[in-house]
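Let me give you the structure first, and then I'll get to my questions.
Naming follows writing order (A, B, C and D), and every chain is counted from residue 1.
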Amino acid sequence: MIQVNRLSIDDAKLLTDGARAKAREIGVPMCIAITDESANLIYFERMDGGKVTSAIIAQDKAFTAAGARKATHLYNQACQPGNLVFGIHTAIGGRLCVVGGGLPVEVDGEVVGGIGLSSGTPQQDMECAQAGIDHFLANR
Amino acid sequence: MIQVNRLSIDDAKLLTDGARAKAREIGVPMCIAITDESANLIYFERMDGGKVTSAIIAQDKAFTAAGARKATHLYNQACQPGNLVFGIHTAIGGRLCVVGGGLPVEVDGEVVGGIGLSSGTPQQDMECAQAGIDHFLANR
Amino acid sequence: MIQVNRLSIDDAKLLTDGARAKAREIGVPMCIAITDESANLIYFERMDGGKVTSAIIAQDKAFTAAGARKATHLYNQACQPGNLVFGIHTAIGGRLCVVGGGLPVEVDGEVVGGIGLSSGTPQQDMECAQAGIDHFLANR
Amino acid sequence: MIQVNRLSIDDAKLLTDGARAKAREIGVPMCIAITDESANLIYFERMDGGKVTSAIIAQDKAFTAAGARKATHLYNQACQPGNLVFGIHTAIGGRLCVVGGGLPVEVDGEVVGGIGLSSGTPQQDMECAQAGIDHFLANR
């Protein structure tokens, strides 16, 4: 048997609080998704004004970050024609998302979940995802 | 009527033994998938610590290698903008995988199945897939 | 943070050993799938002679049993026209499987994974899935 | 290694000849699909006037009959609310077809492929599928 650590719903809301605050600060209403360490959805919130298409994209970013234990923007860097990783962006029916804005959530060096943001530029999405993690780690 | 040769479940386990041993040697827990010559799944194993997203990707690499009778990294090399192969990575709902790590299994010049590895770098995945084939050919 | 218990790959193989032995005893080669408590695939084996279509069905039975923490045959009983559960069989793109043969794996009252069998009658599939669980509980 | 017998393209055309002749006799232009023993498509023909929707349905009938080694109308009989098989009709994304008109093709007691007909009533589809098999067995 294996023991696994996983975000609780309270943890997920802490992550979201941090991401939402940053989204408000930069004036971009976001879709925010949190998955557990197995890449299954725990929490989702579309801020008033968040994009409809981003509801899926935010989920897929969180799914990818947790399931592959890798930030989506790192996949993005590697996913270039001529690199052996190229093509990963169409895997799992396109759910493997290589657009910046998905980050694994780590505690004590272990991935315990994922956070995905979408509605802004990838840079904005990444900034808000990181703000979520910073808030979570400082307040949990 | 056509006569076809196909991996048995015992063959699939031999392939997996070789791939798993190499994965342990390099310290990367892997997802390992084996398909028959018709690209249908025979065997799958997620080593403790293998990535969740790699469960599908390993299967799709084995599916592609057996079904197209071509290593996925060879598709990767060809799948570049300007080359007529480009775009093949979105085929079959994205199941045609061009990320390195899928190899056809050949016996006497005939493809009898496929092996797909995922969780490491494509180079690591390819190395473990090849180790599976080497072990199978030496011990069958 | 939440702590979760999950089947290891060794546990998955114990479950499979028990199911395979029963499948041999009744003379029906089976597809056998094991998922973790998050419904993600850990292990799959198609015995020589197992049905091609059962490769997916066995996985979906294990997915359903673990993910919903309910035996698929219990969903089957409830999934009748006029019952409010009816229609659940088309959920999740049809992956929520209500055909008998999927059982949650419980340890100390907690669901730690799922087992799905397919290729025989539902009754045979259920019998082999139960044999897998019995073997696991007796030998872990 | 396993040795498998499989329909050739010439076999597939024999099956189709028999099915097409019966379709003309009863005045119903049909979609005719032939799969190999692994449920992969070998041959497809939409007679002038065959239904567009039947192009997929005929393929799924042949897929099911070969992959599950069972006539689709037998699944239909069993797939009733209260029976443990109920729900099988939504499996594999709905590709597991329980509408009459798909038959496994057997030679010497071994399933070597499948034939699926669609465009008429299920009874007409079944009649033409059987005519295909009769013609094949008499002329191969």
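The rule is simple: a residue touches a chain if its C-beta (ideal position, glycine included) is under 8 Å from a C-beta of that chain, and two chains touch if they have at least 3 such contacts.
Just so you know, these numbers come straight off a predicted model, no measurement behind them.
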Higher-contact pair (C-beta pairs counted), A-B versus B-D: A-B
Repeated interface matching A-C, over half of the contact pairs identical, chosen among C-D, B-D or B-C: B-D
Chain centre separation (chain B, chain C; CA means) in Å: 25
Gap in Å, rounded to a whole number, between the CA centres of chain B and chain A: 29
Averaged-CA centre spacing for the pair chain D and chain B, given as whole angstrom: 31
Contacts with 2+ other chains: residues of chain C: 8, 38, 40, 48, 52
Chain B-touching residues of chain D, taken from the complex the two chains share: 1-8, 11, 36, 38-40, 107, 112, 140
Footprint of chain B on chain C - complex, ascending: 8-9, 38, 40-48, 52, 55
Touch list for chain D against partner chain C, complex: 2, 38-39, 63-64, 66-69, 81-82, 84-88, 90-94, 96
Complex contact set, residues of chain C against chain D: 48, 51-54, 56-57, 60, 73, 75-77, 79-81, 86, 89-90, 93-94, 97-100, 121-123, 126
